[in-house]
Amino acid sequence: MATRVGVVAAVLAILCLTLAGPASALDREKLLSEPGVYATFAVFKVDEDWWKLDKAARASTAAEVKAVFQKHGDHVITDTYLLRGLSERADFFVRVHSTEMLHNQNFLVDLMGTGLGKYLANTSTFNGLTKKANYVPALSDDLKAALKTPLDPGPKPYAIVVPIRKDAAWWHASQDERNAMMKEHTDASIAYLKTVKRKLYHASGLDDLDFITYFETAKLDDFNNLIIALERVQENRHNKQFGYPTLLGTIRPLEEILDILTR
Amino acid sequence: MATRVGVVAAVLAILCLTLAGPASALDREKLLSEPGVYATFAVFKVDEDWWKLDKAARASTAAEVKAVFQKHGDHVITDTYLLRGLSERADFFVRVHSTEMLHNQNFLVDLMGTGLGKYLANTSTFNGLTKKANYVPALSDDLKAALKTPLDPGPKPYAIVVPIRKDAAWWHASQDERNAMMKEHTDASIAYLKTVKRKLYHASGLDDLDFITYFETAKLDDFNNLIIALERVQENRHNKQFGYPTLLGTIRPLEEILDILTR
Amino acid sequence: MATRVGVVAAVLAILCLTLAGPASALDREKLLSEPGVYATFAVFKVDEDWWKLDKAARASTAAEVKAVFQKHGDHVITDTYLLRGLSERADFFVRVHSTEMLHNQNFLVDLMGTGLGKYLANTSTFNGLTKKANYVPALSDDLKAALKTPLDPGPKPYAIVVPIRKDAAWWHASQDERNAMMKEHTDASIAYLKTVKRKLYHASGLDDLDFITYFETAKLDDFNNLIIALERVQENRHNKQFGYPTLLGTIRPLEEILDILTR
Amino acid sequence: MATRVGVVAAVLAILCLTLAGPASALDREKLLSEPGVYATFAVFKVDEDWWKLDKAARASTAAEVKAVFQKHGDHVITDTYLLRGLSERADFFVRVHSTEMLHNQNFLVDLMGTGLGKYLANTSTFNGLTKKANYVPALSDDLKAALKTPLDPGPKPYAIVVPIRKDAAWWHASQDERNAMMKEHTDASIAYLKTVKRKLYHASGLDDLDFITYFETAKLDDFNNLIIALERVQENRHNKQFGYPTLLGTIRPLEEILDILTR
Amino acid sequence: MATRVGVVAAVLAILCLTLAGPASALDREKLLSEPGVYATFAVFKVDEDWWKLDKAARASTAAEVKAVFQKHGDHVITDTYLLRGLSERADFFVRVHSTEMLHNQNFLVDLMGTGLGKYLANTSTFNGLTKKANYVPALSDDLKAALKTPLDPGPKPYAIVVPIRKDAAWWHASQDERNAMMKEHTDASIAYLKTVKRKLYHASGLDDLDFITYFETAKLDDFNNLIIALERVQENRHNKQFGYPTLLGTIRPLEEILDILTR
């Protein structure tokens, strides 16, 4: 068989990336706010056979799952969400952030290799990365100031993920045209800055999406009004895909999700 | 691992919401008529393995299921419907109402955790909330009066759920244009107010839908004519999704559905 | 828990409808020719596990299935069709007619509750009702006369079901425009009246369809030519869905279908 | 229960058709070249449980399968194709030809009733019939002569099936317009007559297709160029469906396919 | 039964093609760079039952799988990729190259016949062939020179596969129009030649695709920018399908993939 220099090189690269992880814990706030961070939203539904295991067999996997989260804590930060009851598509999802997509993969491969993982169907996965804001520089000073409106204090138990794909006309619009549409978009969303937290990921080429939009709120009625406001701006005409699936869930610690799955 | 203040806060919020439930029973009529109520339509198909259990094993879960309905009776009101025989998509669905979407989730997580629940495939879930009527204020006094036509007395055994998504042109129409279309819609439906009961839920952002429409009737021929009348108004040109799935079922008490599944 | 007057009333209604069935046998010809009759096409595929049962276990369910057909004979009339071999979608379907959709549901719930039924996946269900002909009154006397062309005598072993959904433009066309299109449709089909028997059901709101069209023939080449003729008339531009699935099968008595499934 | 004259008549018809088969072997070349022949393409994927049977259990079904092919040899001719490895959709398909669609069904019901058949998922089925060439009479004498170009001698191991559905505009085009488009189509394909063998089936009403196109070749690069040439003619604008699924496989005798499935 | 000359001839052809393989090892670099090479991308997801086998049973299949890769090393070259964790669609894929599609099929049939293979669901397969560059000859000398920009040295651990189908307008554009669009496409991609390696396969007629595009990179942010640049050129208006599925994975040697699946 011919020598496979490319593969060997790729393996070395994977080894390097794997070993290059920081010895100390990750800076969560930095990974959640800076550009150049890779995110994977991995959505899981528990296999029907899982429920036919006896309770002890199910419960015994919880420690193994927690150990995988801990082991990868130097490379990835993770957030967990319960979809069960509010979505037919899945039971829960994990949002993974790191500085290299490979770290996300390695964590998820280990998670799917646990006793629980072997009963998980991976129903959706979205991959994206964070970038500097594209349109903010072109906004008026007033609008820039409005964007700094602080979030209302207090917990935001609900999380919503909306994947988006734009049409060709969007990508062919000039920068000025897109600036104008994003100004209209921003105007429409100002009223909800206090109650809805938002985060944007770019996905073109990493997935069959252009963007992944992520929201947290305590007020689903406000969130419903925000989405209606965004359906009314010109930009909405360029959404070839908006949702499908929209994921509505609640933020829950890993322990609580494991408890629901193993009780 | 970095501290996860957000998650902790969200958990506290969930605890607060969970504990904040009223000590007394819910006011069913109020929840079914007021704005600001969250509804989840959870649609289930029984797993083929369920039927391979022996009758006693199946029957033993009925009490557990009823207990879950009872336990959550302080937070949610529920209605149950049989789809089996009239829809290939599912066997039954539960309509859940409460003042917080989280109550709906907690009830459904418990339902899906019962002996029966472990054999249920959740084939569709629709989430929505009730709001004040948007278009009624702009209608003529005559039409407003006509809308007060009372329903014919007597039972209405059939229920139909039609999820709807509007196109971008609908959302970009001016309020006047939408008022005109809703006037035409209302004119077309007046003839059926006596025999078809209707209820509307708003879903944008809570699901891949804009509206969930719910109907009850004893006369499916009248209902068929109502839908044809609504297909003939301008508003129909803006329905990107209408049905898919349309759920046609019969209103049945939980006991009867359990009896069908466990006999 | 709040009293559930609506549910109780609905249950009473179901009981009344159930008990109101005629004591004597149904008039098959009347149900197959009159308006106001409810039809359900229930399509089934046998679960792969069925075939892994031993022959005796499979054969033992035949009598139970026949008894269900007999038990409901006072409320519904039924016809059975073999799809196996000619459609990847299913093995057979049952066409059920009655004066109340609830009778169709009750029969099918019982059928799906038999030993065989527990191994049946219900892959499609179409619900419709019969109505008086909409367009015939506007046709010329010549065309009305032509429509009375009698079917050629002799058996018609093939049956085809084509579900149809019209686009918004169809429903917004004026009565005159639709009359003109239906005249063109009728002209195109006259040549096939002798060899292709047809029956129409209205489905708007009872399913994600507007019409269910049902055909019987001994000559599939004539039927192929009929469909091509109908693809060439203006009405075809308004078929948002035509088929998907088209069901091509052969009319077979229940006994023969049971024999194929239990041999 | 009301008498079911129609069903009885249909059964008699089926019996007649079944008994009317020729006592002698079928004329394969005639069935493969004449109009008025019914074809069924039945596509199968082996169930994952099949592979968990032990080798002896799998091997024991081969004789039974061959016997079914032999038993129906007086009514149908069959060709077998291996898709496994080149298509995710299926493992193999059978092309069945006969003078009555019912013969195809009866053969396939028997095939699916064998020990192997019970582990086959029928993933696609296409039904069609052969007719006299529609457009050749209108072609120029030169083009008619060119169409007689003989195939290069030698085996053609690859077979490709492409199902097609035309749009409404195609069916509404005048005969002259369609003649012109088919002339352009024919011009584009002349260059490939030597290396690509073609056969056409009409499917409107017998399936959710208008045509089934079947090809054999030894040169897949020529076939790729033929399809590109056909993508460049006007007719291609009227293909609502072209492929989906395209089936690319290799012609293999039944014995070889059974060997692959039972080794 | 009629003699089946065609089948026999096809079998002989398959035998000839099978026996005609080179005695010596394949020239990997040549197969990866020349036109006229057939490629199959076979994508696999491990069946949920696989994970329920004990570790020893899973591990015992690794040697068998490696032997299949080795056995076919005279006819095909193979590359392996891990999707698990980054795609819900599959766990890994194999890219197979050879001078005859039949070699690809024979290798994959053997792979799917191993102990592991029997637990693999083949979720996607793309077939294509390499050709001489269509548009390069028409580019300016400057652009031709730019296209020779060497890749940055160093490993490229990520691989992305994007299947593409063009619309009818693309195929009906004149050669000049397509040259102009491909010039715009090339201009947009020049900036990424250093960090993104690309390879193109033609698929029309061999699959429900027109092209399979394959990329390798170490910098997913650059790849994301490349795709955005390509979304902004006119050619993008002619992509009826772009992705769906986009496959994002990491290049991993067979041994590592087997280790992940059998650990």
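Read from first to last, the chains carry the letters A, B, C, D and E; within each, the first residue is number 1.
Convention: a residue touches a chain if its C-beta (ideal position, glycine included) is under 8 Å from a C-beta of that chain, and two chains touch if they have at least 3 such contacts.
All of these numbers come straight from a predicted model, not from anything done at the bench.
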item: Touch-network distance, subunit A to subunit E, counted in steps; value: 1
item: Third chains touching both subunit D and subunit A; value: E
item: Subunit B onto subunit C, rotation angle from CA fit, given as a multiple of 5 degrees; value: 70
item: Computed distance of Cα centres, subunit E from subunit B, in Å; value: 46
item: Rounded Å distance between subunit C and subunit D, as computed from the means of their C-alpha atoms; value: 28
item: Distance between chain centroids, defined by C-alpha means - subunit A, subunit C (Å); value: 46
item: Residues of subunit E touching at least two other chains; value: none
item: Subunit D contact footprint on subunit C (complex, rising order); value: 25-29, 48, 51-52, 70, 73, 77, 79-80, 82, 84-88, 154-158, 160, 162, 216, 218, 220-221, 223-224, 226-228, 231-232, 234, 236-237, 239, 243-246, 248, 250-253, 256, 260, 263
item: Of subunit D, residues touching subunit C in the complex; value: 1-4, 6-14, 17, 36, 38, 40, 42-43, 47, 49, 101-102, 104-109, 112-113, 118-119, 121-125, 127, 129, 166, 168, 171-172, 202-208, 210
